[in-house]
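Labels A, B, C and D are assigned to the chains in the order they are written; within every chain, residues are numbered from 1.
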Amino acid sequence: MSLKNGKQYMESLRKLRPNIYKFGELIEDVTTHPATQLHIKSVAHSFDMAFDEEQSGIFTTTSFLTGKKAHRWNTLMTCAEDSVGNARLKRAQYNWSGTCQGATCAGWTMINALYDVTYKMDKELGTKYHERLKNYFLYAEENALAMAGLCTDGKGDRTLPPSKQADPDINLHIVEKREDGIVISGCKVLICGVAASNEMVIIPGSGYGADDTDYCVACAVPRDAEGITIVEARHVSDERDMEEGWDVPRGAGSSVAYILFENVFVPNERVFMAGEYQYSGKLIGDFICIYRGAFGGCVTGQGDVMIGAAINVARANGLSQKVFQDKLTTMTINNETTYGLSLGSAMSGKKSESGSFLPNPLIGNVNKTHIATLPYETKRICQDICGGLVENGCIPSYKDFQSPIYGEKLLKTAAGAVDGETRVRAARLAEWLTVGGGIPGCMHGGGSQDGAKLGIRALSPWNAYADNAKRIAGITRDLPDPVKKK
Amino acid sequence: MSLKNGKQYMESLRKLRPNIYKFGELIEDVTTHPATQLHIKSVAHSFDMAFDEEQSGIFTTTSFLTGKKAHRWNTLMTCAEDSVGNARLKRAQYNWSGTCQGATCAGWTMINALYDVTYKMDKELGTKYHERLKNYFLYAEENALAMAGLCTDGKGDRTLPPSKQADPDINLHIVEKREDGIVISGCKVLICGVAASNEMVIIPGSGYGADDTDYCVACAVPRDAEGITIVEARHVSDERDMEEGWDVPRGAGSSVAYILFENVFVPNERVFMAGEYQYSGKLIGDFICIYRGAFGGCVTGQGDVMIGAAINVARANGLSQKVFQDKLTTMTINNETTYGLSLGSAMSGKKSESGSFLPNPLIGNVNKTHIATLPYETKRICQDICGGLVENGCIPSYKDFQSPIYGEKLLKTAAGAVDGETRVRAARLAEWLTVGGGIPGCMHGGGSQDGAKLGIRALSPWNAYADNAKRIAGITRDLPDPVKKK
Amino acid sequence: MSLKNGKQYMESLRKLRPNIYKFGELIEDVTTHPATQLHIKSVAHSFDMAFDEEQSGIFTTTSFLTGKKAHRWNTLMTCAEDSVGNARLKRAQYNWSGTCQGATCAGWTMINALYDVTYKMDKELGTKYHERLKNYFLYAEENALAMAGLCTDGKGDRTLPPSKQADPDINLHIVEKREDGIVISGCKVLICGVAASNEMVIIPGSGYGADDTDYCVACAVPRDAEGITIVEARHVSDERDMEEGWDVPRGAGSSVAYILFENVFVPNERVFMAGEYQYSGKLIGDFICIYRGAFGGCVTGQGDVMIGAAINVARANGLSQKVFQDKLTTMTINNETTYGLSLGSAMSGKKSESGSFLPNPLIGNVNKTHIATLPYETKRICQDICGGLVENGCIPSYKDFQSPIYGEKLLKTAAGAVDGETRVRAARLAEWLTVGGGIPGCMHGGGSQDGAKLGIRALSPWNAYADNAKRIAGITRDLPDPVKKK
Amino acid sequence: MSLKNGKQYMESLRKLRPNIYKFGELIEDVTTHPATQLHIKSVAHSFDMAFDEEQSGIFTTTSFLTGKKAHRWNTLMTCAEDSVGNARLKRAQYNWSGTCQGATCAGWTMINALYDVTYKMDKELGTKYHERLKNYFLYAEENALAMAGLCTDGKGDRTLPPSKQADPDINLHIVEKREDGIVISGCKVLICGVAASNEMVIIPGSGYGADDTDYCVACAVPRDAEGITIVEARHVSDERDMEEGWDVPRGAGSSVAYILFENVFVPNERVFMAGEYQYSGKLIGDFICIYRGAFGGCVTGQGDVMIGAAINVARANGLSQKVFQDKLTTMTINNETTYGLSLGSAMSGKKSESGSFLPNPLIGNVNKTHIATLPYETKRICQDICGGLVENGCIPSYKDFQSPIYGEKLLKTAAGAVDGETRVRAARLAEWLTVGGGIPGCMHGGGSQDGAKLGIRALSPWNAYADNAKRIAGITRDLPDPVKKK
């Protein structure tokens, strides 16, 4: 079996040991608990789409490794079309759920990034990582896994490397190397989609030097492995997910977790890097490269929903979209800019020696700077179109609308050109997208804007630009970058 | 007595009949109920500041009508300095509480706006509104009132005037004119600070024509008048206000309400407009003018807190503000732009015939367009500086940090260069300001950006610009705006 | 022969009848006259690059029609790589010359656009246009032509179609249809690269209706055909092109012309549309689509030079690029955004039925809105980095620096960390790029930003967005765009 | 006499020794030479306006020192209204001429800045500068002087102070102190309005330290003093000023000069600082403060003309301003933002101990950052509205329109809804404003944007912001800015 439907996927989750908490309490069944079920519901939908005539081309592809049809998030990306397929998948998922779907994203990206890095390690160091990685790829495909991807550590004092932190466990690290595997402890934080995943793929949080070899660990672990405790973080207005009514849309929900590792054993066949610090920079670099190459799909997918939400509120208010056309067009420009740059980074990407595909990192970094700004403008415009209702705190609760004393009257005040419930539902979606639980991590997901700018700086041929301009200006003398005078 | 301290003010609120609901339940005591107490706490602080040596110059002024020292929000503004005083008061209040303080704002603005309108009505129509308004001013001053201001109606279908709506009660209107007063029904929505107010001042929601005379009503009513039911709307993450711990800052909270009127009687001495539709446009215009003249103070006051919050998170992460200096400077530029334009609209304002002061509406409208955009950029930068923690859903709940099973470990993961609690508290403030309950109504408060643009269009001398350019260009022939060909 | 070098190309221009004027005077030899030689010099360089080992892959490609190596601007584009090749060619040309090179751009784009349109016309109307067009393609390739492209008409009153204009000749039109061809009169304006072209390709200036069939004319004419008079327009500071010295860089120059047609005969084999108004909309649409798909290359190519120019001025001032790194990175972000979107529009383009390739028009239109804004910001930053010198009027003339009285002293005042001449040359390039003759037509070239927004509006599935958002919001009732009430 | 009309003013210029050159040639009479007459014409208009009933309130005021009516640019500014008067004067001048009028600006600003600095120096050092300055003020008023202001030096290597430059004369400095005065040599560059001035006021180019005392010189010299040679720099398209016809508007012109000093003697009564380096920082600071306080007037004044120019081109094209209303409104928002902030900096300015008035420097610096960006957007929009005609090089020369061969036909191609000449004139004004000689020094005039940001950084209470946010967040521990770890 390399394809599962949503029901089968949910069954696979129910077999896992409960080790996820929220509000201080253990979640017994993630597929029914209000804090996690919405996110899982949208992942289940992605599984179901493998069997949908119209959409299966988006949600599945032919596996490069086996030649079989597989869930797209279980396959190796080997060409520009695959990179576009990644962006298209994300756009479709966001279109469905309105928000981020971590369990079919970062883990997949990581095993793709590991493909070429393990190949190079094996070639240069004589290790066996690439073979293991390939086997894990086949295992993931065969079992149709949902995989979270763990990168960000606790970090502690941002000016110090892991080995200099007061608490060694603030970053995930190897505490023991055994014959049959490694033992790891520490934590990973801000991780998306863990509750909806079967397994967790792990890479180091940054490129490290020789003093931090223990922190250079890449591997895969079952979500419920012994020694792992997971805490779901709170998102904006998250209590509403626990309530009845329409104060939050029921389509989907995001999920972010903190993961505590306490002497977790990882057998050798699941270890893909264990101390080879010289490759940690390339690993994080390739991960970011693939991630940023497709990130435009996420942002655009949510932007599509914001456009629709804004149009609906306007209509509920009795106003034609013509009134807001220039604003809606700007929303689309923001959307298609990030999507188009994802396509552009695919168009100018390259196949690696090992056969995996890497989108153009310069364009990916440029796109990251837009992803950290344009969706904010799109949200602002969405609120602008929707009117005061959506800004913050301007709609009474569902319970108030049900009050036997004043509920009926109150609902009448909420009517526009349509009934109050319709108008409130339309507004609640816009609120959820712009100041609610639907907000995804545009700013820091896939790394920060400042990190992207460093990438842009490193990837641009400044001296070649200067030399070419010298030629046009007719300057023949040397004009090097000045060195500081003392 | 024309000055109250915070305690006296809270006592005055406790004397009112309970008529405010949230989550379907009646709030018995607004000064202690978690949904309303935070907002009242910040208003109480403003009352206390009347007696603070350093701050009393901001929070009080000499009453133009009585010559006595009075709470600033009970006085008539008669000069540029008073208008600046309004902006300064707001900045100080936001600095204190981090958010909007409706009960010392819109009601005050409305009685100022009514000053000149009632003067003109009396002069031209022989009515007695101005005298009544003056008396109400004295009453407010003498009793040191907190006054909410009610403008926005339910509106219904935005393309139709009140009299054409399916439900006449979707807008507030006069249902009966009696010898001794008027009777009003309908609703006002999205009203700030009602729970913290003693009285509510009311003006029409827009400028109306002859078909909508019943909707042209201005008056003042006690918050607990017979026939009034108030529903507090939900703001972002508002359940946290009900909880223990640090998931929300305890400084203050905003408050927005829906107000249902059912045959509420208003005695003549509290009625300031009752059908004189020809003056409704000026009334709403003057209200907006005064409001927009000082709005820069709100936005800047919150921006100040966002700058501080961002610096604190950076420091908690171990990073100097130097790393983010350019971003912090941009935040200040955004801040001082809106504040400076408030000052600029005061500098070029004018005294009305009746003696009240009207800031420059062109600059006020221009400022409104910035207020609807710049704070959004400031928020985005705040999130950029703070890191992923603040975007959405990236911090575990207070309860999780208290877990006997994993709480201690979890708290260690949250440490930066300082302990976890400090870092989380710093981040929660930034979250509250940018995607939480602290978000004020920058976009639609004081009217929409599009409305401001219409104002700018109406107030700009386009033909004079064109004629002057013709002169410089050496064009002597007529060059009128083309009329459409058929 | 299908490849020429620069010398051969210039010889071909010298054989043409002189019919170009500037400043009221006939230009006898365009290859030596100061008003036209700089532009021709850069086109000649493009011809030479066909024989350059490193660059020939950019400047030539394999002809789809003949299988031979040909100048890229003489070939049919049939796939995404060809579209990228177009953008890459433009970037390389701008990198060389710093400005627009019309003679290898618009004419080429037009014969590509005509490829599918003529195919459709022949198929549906039984005409013979496609065969003629193909022959013309072969003729262009065989003769290695530089081709200007003529689209924009005089237009007159913008609210009226051509047939309603007071003067019929303000737009180019067919005045007679003969057995052997057509006779055309009127004018085309704002045309790039005419002086450097062998031939001119012509298409209608817009999509027209049945009343304007005479204006629906597409054809090709030799630049010096009987009845054609050409006037070179003035560009910014263009007298400097006529002077000695360093007040303008000598690398290249742009060229824009007005072209007057007076009963010009075009033989049938060069006519590709003659009245088929139903296809005029598609023709202009496809032209814009191909043009906008590659336009990012132009803008980026000039942006590269602006970055280099700014770095050089900074260095001449003694300042390291580090001081301005954030600004330089923003320049690169602007650059790569437009370039990346060109790549993205290629990645998602489509092959037409006839075999030509059309980049994605939605992304192309989105890119056009950036092209109309981002280069302006890039220029502003270039001036910011360069200091006051470049803003306007802050450098003395070359003649002043040569003055026997004060020249030497003056040149010393212009020194920075390097000699005065070097610093002035560096600054003059930045000036030429930002407020001088090097400014290309970012705003209106390839159509206006407003036109692109209309395209975006037409190409976006607004109702699908709204319906999808309805689903997520849980709204089940109809919510159509409101119709206006009377 | 303290008021002159334009004719008297021009006479006063003609009495000066010719010492201004352009294109290597001496200008015998600045009032008639095409390179300088346009600028002088607009200054003359400002003199004439002293006698204009409507405008005299803008162009004159009551002298604080003598109580007499005086040209505004000869008076001491002592209150907020005076600062607003400065901005209003500039807006009116730009409205008249479309561009910068240096001779009534910087010199005036400098003697205002010197007022408090000389007062402090005298008080603290026992010097006599303040009395001299006052006398010079009276002299300027009595003789109704136009005064240029000289600040920027040649600078050389930007990383080194004046005393470390290879050439000491690249900055202006004292070469000898004599009993009766000082002797100065070196140069000042990028100086506006010199050709139109009677006198030149001089201040140091920056705040200096003890090693650079000789460069701390402030004084006043006649424009034609012995030892002074002036070179007019070239501005964009400046040859057009020398031509007949309509290729440039004839209203006015800017003027920027390089000034070479060779042993120029300045008698003591005209010396206001001579080595007191400790005050050089305050002097430059106060100068910038006053300058930036009024700079909004310049920018807005030109923006007004750009709006008018755009409307005229649109009308000439047959299009109503409604088509472009949103763009025009944005132009006004940009305009009134900079103007409103000038008013705001006046409203919150302060009287100095000596009695002069200093606008708020924080708001002035914030405004400077807008002045370095918003007018660029305004220009871009102006070009957007005007169409391709104005971008660069898209209008034939006046001479071509006069050609007996094709002139008439060509002029017909330029017609829109009006005749060709009118349309071209309208377009040429827009061109002159956006890519022509009318561009003023928004970017670096009054110092750079980066300098303004340093000012903003220095003037903002960052720690107070952080402490206040700590209070709201409930953080009680210390949270200082981290010190770098080694």
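FYI, a residue touches a chain if its C-beta (ideal position, glycine included) is under 8 Å from a C-beta of that chain, and two chains touch if they have at least 3 such contacts.
Everything numeric in this text was worked out from a predicted model, so none of it was measured.
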{"item": "More contacts between chains, B-D or B-C", "value": "B-D"}
{"item": "Farthest chain (mean CA position) relative to subunit B", "value": "C"}
{"item": "Separation of mean Cα positions, subunit C and subunit B [Å, integer]", "value": "52"}
{"item": "Rounded Å distance, subunit B centre to subunit D centre (Cα mean)", "value": "40"}
{"item": "Subunit A, residues touching no fewer than two other chains", "value": "159-160, 318-319, 326, 417, 482, 484"}
{"item": "List of subunit C residues in touch with subunit D within their complex", "value": "21-24, 152, 154-160, 166-167, 169-170, 187, 189-190, 229, 231-240, 247, 254-256, 258, 260, 262, 317-319, 372-373, 376-377, 379-380, 383-384, 387-389, 391-397, 399-400, 402-403, 405-407, 409-410, 412-417, 431, 435-437, 439-445, 448-449"}
{"item": "Complex interface listing, subunit C residues touching subunit A", "value": "80, 84, 95, 97-98, 246, 249-252, 304-305, 307-309, 311-312, 315-316, 318-321, 325-326, 328-329, 332-333, 336-337, 339-348, 360, 362-363, 366-367, 369-370, 417-419, 422, 425-426, 428-429, 453, 456-457, 460, 462, 464-475, 477, 479-484"}
{"item": "Subunit C contact footprint on subunit B (complex, rising order)", "value": "159-160, 326, 482, 484-485"}
